[in-house]
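If you scroll down you'll find the structure; I have some questions about it.
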Amino acid sequence: MINDKNSQKIVDIIRNYARKHSLWILAYGTGCGAIEIPPTMTSRYDAERLGVRGAATPRQADVLLITGYLTTKTLKRVIRVYEQMQDPKYVIGFGSCTINGGMYWDSYNTIKALDRYLPVDVYINGCMPRPESVLAGFAKLQELIQAGKADGAKKYKENLEWYRENQKKVIPTWRMPEYNW
Amino acid sequence: MEFKLFDLSIVEYAFFVTSVLIILIGLYAALVKKTLIKIVIGLSILDAGINLLLISIGYLKAGTAPIFSPALVKNMPLTLENIKKLSEGMVDPVPQALVLTAIVIGFGVTAVALSLVIRLYRHHHTLNIDEIKNLKW
Amino acid sequence: MVGSPVLFIAIPLLAAFLIPLLGFVWKESVRILPGLVLLYLLYLSLTLMEQVVHTGTIVEVIAGWAPPWGINLVFSPLTGLLTTLMILMGFIIWIYSYRFKNIDFQEAVKYFILLLMLITGSVGIVLTGDIFNQFVFIEITSISAYALTAFYKGRDSAEASFKYLMIGSLSSMFLLLAIALIYSQLGTLNMADIAAKAHLMKPEFKILALIFFITGLGIEAEIFPLNGWAPDAYAQAPGPIGAAFSGIVVKAGVYAMIRVMFTLFDVAGTHQFLIVIGIITLIIAEMSAVRQEHLKRMLAYSSIGQMGLVIVAFGIGTEEGVFAALFLMLNHAIIKSLLFLSGSYLVYHSTGKYISEVDGIARNLPITSFLFALGSIAIVGMPPFAGFWSKWSMLTAAAHSNLILIIGLVLSVSLIELVYYFRVLNRIYFFPKKKEVVVKKPTINALLAMGLLGLLILIIGFYPDSVTGYLHAASQSLLDKGKYIHDVLSTGQLLLP
Amino acid sequence: MIYILFSILLGGAILTFLANKISGLLRDTFFLLTMLGATLIFYTQLHIGGLVNFSIGSFNLEWGVNSFSWYFSLIVLGLGTLAAFYALSYMKGKENLGFFYFSFLISILSMLGIVMSHDLISFFIFWEMMTWSSYFMVIYSGKNVQKNGINYILFSAFGAYAMLTAIALVYANIHSLSIVEMISNYGQFSPALQTWIPILFLMAFSVKAAMMPLHVWAPGAYSDSPMAYTSVFSGALSKMGIYGMILIFVTMISHLPDDTWFREVFAWLGAITAIMGTLWAIAQDDARKLLAYSSVAQLGYIITGVAIGTDLAMLSALFLAALHALFKGTLFMAVGAVERQTGTVKFSEVTGLIRKMPWTFIASLLAIIALAGIPPLGGFVGKWMLYESLINSNHYILVIAIFFASTSAFLYCYKFLFGFFLGQEEKEWAHVKEAPALMVVPMLLMAGFLVILGTFPGILLKPADTAMQTLGFAPTEGHLWSMSVLFNAWGDQVLLRPLVYAIAGIFLFFLIILTVKGWKNTRYVTTKDISSSGEVPLEHENLTFSVNFYQPFLRAVGPVMKHRMITWYREFGAGMETIFDFTRRIYTGNGQTYAIYVMVFLVIILLLQNTIFG
Amino acid sequence: MHEIIQITWGAIVSFILAFTVGITYMGLNRKITARIQNRIGPPWYQNFIDVIKLGSKQTSIHHGVMQHMGPAFIMVTSVMSLLIIPILNQNRFFPNLNFHGDLVFLLYIMVFGPLGMALGAGQTGNPNSAIGVTRGLSQMAGFEIPWVMALVALMIQYKTTSIVDLMNIQVETGKWLMFSSPFAFLAALLAMLGMFRYAPFDIVGAPQELASGPMSENGGKYLFVMMSAGSVFAFAKLTLYVDLFMGGANNLIILVVKTFSLYLFPMLYGIVSPRYRTEQSVRYFWGWPSLFGLLAILHAMFF
């Protein structure tokens, strides 16, 4: 019965609903964008009403929030954290810097496009993005989840070699456990 | 035999006083003097005093020698009474015997003591007893 | 009759004088003769002891002069027991020191002469029934003891010997004074006679004489504060002589003192006095032993303490108490001799004889260390070894007399004893051995002697009945003053030879 | 038969000692044969009620077995045999093995002797034999002998001498050494003796049972002896103290007119022992020390049970005694296994052995659960009975104290498991292998027995009940559980089993759910793969948290733990030694001074002659 | 057999009930907290969503078999206490295993799970987990004292260790124990603060400090089971308090009302509180709550 296609569909609906409304974020406060997280979570904008809630460790988290520019040094940690998260998992690039380097476009030690290193599901534009746009980003992610299109993790698994290649280019001393999903 | 100690003539009294004095002198030398030789001398004096005391116990004024010479026991059966009667005038021989023994012993002790003093002097180069105390506690 | 008690004095004396003469003939005879003598005497004493326990005291009159005039030797169960013990210890010490001064012939001659004299003197103290004779024997013992203490001719042994001599001279002075007092009062020197007539003495003089005796004999019995000489002498004398001191000489001293206090005079308060003085001796000695750095000195203090214990047991005064005291004496003689004998091998290699120098020596001297451990465990009274039974009889005796505080005191002192013995044991067995220490292995005969003592400890420990019968007889004979007087004075009513 | 038993053990001990010189195999064979032979004879040939007597040193010695002593010899021989097997493997390659096995057998012999003695003198002899044979074990390692060894022997001797005093008093009063006669004549002693004899005896027993003011030897002694013996030491030897205490409490204290005070004091001492033992166990970094303090604490519970002395309390004490032997035996063996495989027993050094030594872990886990008294295992039954008895006998504050102790016990229980087996799996310990089967099997056997006891406590409760009947208690079957409902009849028949089954069922159900769900997508990751802020711990980086493990808790209880009993004793000892050192200065070394002493002595006696000889 | 089926059935129904109510309470907690913080807050059913999401996580990791078993351990505690604690008066609900409910047994079974989970947390090798565990255990040693004091006071006063008996007494006398033994109730109530581990006693799993402490390596299905166990356990504890002090409940609605009103106490206390350090919280429990406990015992002994 459980393998029945229709019931599987129902299960999927419930699952996606649950995943959509329960986004536990791991806010990786890499850059200045982290300053926008508190207003988003506190009473003015209250992201918790959308089911968004902070998670303490990557093991429990669903969403990895890269807040702002990402130095090459931090990238390693971010990759590590991402790989420690459990499926299904999503990445939100937060602020312009994660898109194209932003004001650090010519810095020698920040990465310019996050997408080359981690599979980003949603970008939130702005420098910095206001809480409204953060909420909009979450809404977009929820939409994607509902539609089953937030499959960054799958992409990452499929194109792991490419990602690794990019990552190793930036990170000279690569000393990480195998990622075997 | 009677109790003699408090039945004293002047001479006997003098003996006792003298012997006690000698003992005290010996003790003084042995206990207070710091030189080993003097201590040994003190011990000898002590010995002498005691010997004198012992002798004086058996002393009898105008007593005869405690010898039952053939002349003395002639014609007398050897009964207890007779012997008592005979020995009344005699000086008690036992203390003398004791003293003889004690003198011999004292001599031996003094000899040993002196030899020890010699050896102590060889090792310590002093005769002061206060400085010879390697063994303590 | 196998032999008479006179032989106990005559034979060793004779042998002592024969030794140098025989030495000219055959050098080895110097070593063998004392052993033969002691072995014969051991046999004699054992047979006599057996006889005495069953048939009663043997009183030997010397030269036909009947008591109270002549000198007599009393072989009662008590004196017989002590004689046997002393001869036994002497024999074992002879076995131990058979190869002593192996090279130096002259020294060996001296040593064996003095050893025989020491044993003779001590046996004489015990056997004699005449008080002045006892004094003479005490002096014989003392002089040979002085000489033996100074035997090594070292700086310290001379010092120890001189101290011993000084105090010993005082002792003989007091003894002579006491004898003089008694003689002036009673006109007799025979112990039994004195005991029978003691009530005739004026009380002041009796007490004065008693005090002089206590002081004089207390020095030999090592009671505090008269025992200043003891630790030095024990520590500086050669190892077997230390054993002889604790196994033979002290026993004689205690015997003399107890004989004077129990038999000669019946003054009230002696028992309490003994208890008090014994406890003080015990406590001070054990306290002094705890922080001791020298092994043999520690053993010496322990020995003094044990003698204090013996005196306390005598002070209890009941038959049980005396039994306990005799048992303690017996065990102490055996165990402390073992400790001295094995202990002197443990520190053989060192000049300072420090306790810290026995570290880890058990690996090189397994048997000696084991015997030392056995002795230590036995002497603190751990069952099932010999020391336990004597301590136990002492405790029951005290409990019977309602002296519970004494039990507490004795046991707490035992705790102190335990501490310092086990500290040494731990060092022997569990401390790392110093590299530079070159250990001297014990000779076969030394091992034999120590093994014999260890065996005795085990035998008495597992089967105390082997000795308790004799001890009971001995304690009865000590307490039965009337019988002693009767036995002695009824021997030979003949006035003249 | 008793003779044969004893001579087998004694002869075996000596033979083993001698065989050591010849060959190791012979020695091991002798040792094992002796132990097995003794056990075999004990279980097959010895019947309860048998008596032998003989006379030595004019004392009549009497040995025999009754149900009470049978119960304790069960502990001794059961644990002893398992520990013997364990020892063979644990001691392999160490020095002085003949000595070790000799002491081992002698201590087993003396423990059997203690429980079989029917007279005081052989009781004392065996008691002392036990003391020195275990002392040999304490100093076997050669570490801290001057401290721990002396501590142990000193306290033991203190206790033994107290006992000796008591025995002497008894002997002086009734002229008999029989324990039975002592008990029957107890009522005729003077009131002072009636109080003092039990106190003196209890002093002796509480030393061995490591009760509070007299416990200071225990941590050092337990941790310094080889673990193969410590399991016996803590498991069986300390029970001899309990054995004696039960005897005294049942036979003597209950006849005292004011026994309530006595019982209260001892129950409280037991409770304080439990609390302080627990707190100190929490603070330890050395596993052996931790277990040693834990033993002290566990014995505290037992002492409380004994002191309360109602039927249920006594039953719980007996049950806990056997149980403590089981789990503490297992735990010390586990420590031994870890020590042997890794070479250290410090929690701050060893971590993450669970995958390397799984069987050891399982055994320790079960033992720890039993120790903590957590339900499905036997430990709970004992604890529960203790609580019930305390509540029934109106000792409410005691319940709190005991409960506090056993709650805090979770802290060190966890520390033990975590410290050794959990945490980061370090490369340093990657080479570690499981201990040899000879070591693991005894542990697992005992742990398995603990599990069985959780469901069927009657296995032990029945002999305990018989033992108590020997002591004059009414049969406890059926009437004890008036207040509670957990075991409304005999413990193993009613509701315990459903509970245990329910626990097992729930556990298995959820375990299966956890395992089956997403089986394919569940993977094992190494302990280096942890979420540590994205950092990748390097091989040499040790992230295990094991230093200052319970610092906050210890800070909270700091004021209580500021004072250590042992420092008091040590200061007392140092003070005494100073006095001794001062005293021996009487012997100045100057001959003249000695002569003056003689004269002073003379003068004093002359002056006091009327007082002394008046 | 019939009995076993009944127990199993009862267990399942009780579990579902407890799960539902417990999760709802958690959700309400979040809602109320949000409202007090002037937020809208998540919907009351938010925790259901969270639990379902955790359950539908596709992957999960573990560091070893102990961690794998940890959630099962804690589930044992939750379910067992649920089975032992009678849910309604006179066992009108499923009697399960509660045969009269022994308090001592309950006390011990309540620590079974946390310890098991602590072992799991230990095996992760994450220092945060171990630190959290030590804090949790220390805190437990703290709050167990007033809690046991309160229970002992009840046991003394009514001469029973059975929960059912205590409930029957309340039904018979018509007087709640929180009034007849007020000190015991106070002590137990304060101990409850520690039991629920809300602020100020939430240092065990403080997300900011310890990254949620013992749970920091658990995700997916493990966290799912833990969360369910937690909510079931919360309900069981609340029911126990209601049974012991508030006269039990005659039907489920009353039970829910009573438990929720009781639940408000730790919740509201927590919202307005900062966080205690471990030793502070331990000392707190050994302070006033224990004093109340002592008073309760004295009260029970002498009145």
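Think of it as A, B, C, D and E in the order they're written, each chain with its own count starting at 1.
Keep in mind that, in the parts below, contacts are C-beta pairs under 8 Å (C-beta built on N, C-alpha and C of every residue); 3 or more make two chains touch, one makes a residue touch a chain.
Since we're looking at a predicted model, the values are computed, not measured.
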item: Path length in steps (a step moves to a chain that is touched) from chain A to chain D; value: 1
item: Chain B and chain A - chains in contact with each; value: D
item: Partner chains shared by chain C and chain E (touch criterion as defined above); value: D
item: Distance-maximising chain from chain C - centres being C-alpha averages; value: A
item: Pair exhibiting more inter-chain C-beta contacts, C-D or D-E; value: D-E
item: Chain whose Cα centroid lies at the greatest distance from that of chain E; value: B
item: Whole-Å gap between the CA centroids of chain A and chain E; value: 35
item: For chain B paired with chain D, centre-to-centre distance based on mean C-alpha positions, whole Å; value: 70
item: Computed distance of Cα centres, chain C from chain B, in Å; value: 28
item: Overlap residues in chain B, where contacts from two or more other chains coincide; value: 30, 39, 132-135, 137
item: Junction residues of chain C - those touching two or more other chains; value: 159, 162-163, 166, 170, 231-232, 288, 292
item: Chain D residues counted as touching two or more neighbouring chains; value: 521, 523, 525-526, 528-529, 531, 584, 587, 589, 591-592, 595, 599
item: Pairs of chains found to touch, sorted by chain label; value: A-D, A-E, B-C, B-D, C-D, D-E
item: Chain A partner contacts - residues on chain E that touch it in the complex; value: 30, 34, 37-43, 46, 49-50, 52-53, 56-61, 207-208, 210-212, 215-220, 223
item: Residue numbers on chain C that touch chain D, as the complex places them; value: 159, 162-163, 166-167, 170, 174, 207-208, 210-211, 214-215, 218-219, 225-226, 228-229, 231-232, 267-270, 272-273, 284, 287-292, 301, 377, 380, 382-384, 388-389, 391-392, 395-396, 398-400, 402, 404, 407-408, 411-412, 414-416, 418-419, 422-423, 426-427, 429-431, 463-465, 468
item: Residues on chain A engaged by chain E in the complex (per definition of touch); value: 14-15, 17-19, 21-22, 24, 42-43, 46, 48-51, 53-62, 85-88, 181
item: Touching residues (chain side chain E, partner chain D) in the complex; value: 7, 57-66, 68-69, 71-73, 75-76, 79-80, 83, 97, 99-102, 104-105, 107-109, 111-112, 115, 118-119, 122-127, 130-131, 133-135, 137-138, 140-142, 144-145, 148-149, 152-153, 155-156, 159-162, 211, 216-217, 220-222, 225, 277-279, 282-283, 286, 293, 297, 300-301
item: Residues of chain D that touch chain E when the two form their complex; value: 352, 354-355, 365, 372-376, 380, 383-384, 387-388, 391, 394, 396-397, 399-400, 403-404, 407-408, 410-411, 413-414, 417-418, 422-425, 483-486, 495, 498-499, 502-503, 506-507, 510-511, 513-515, 517-518, 521-532, 543-546, 549-550, 552-553, 555-557
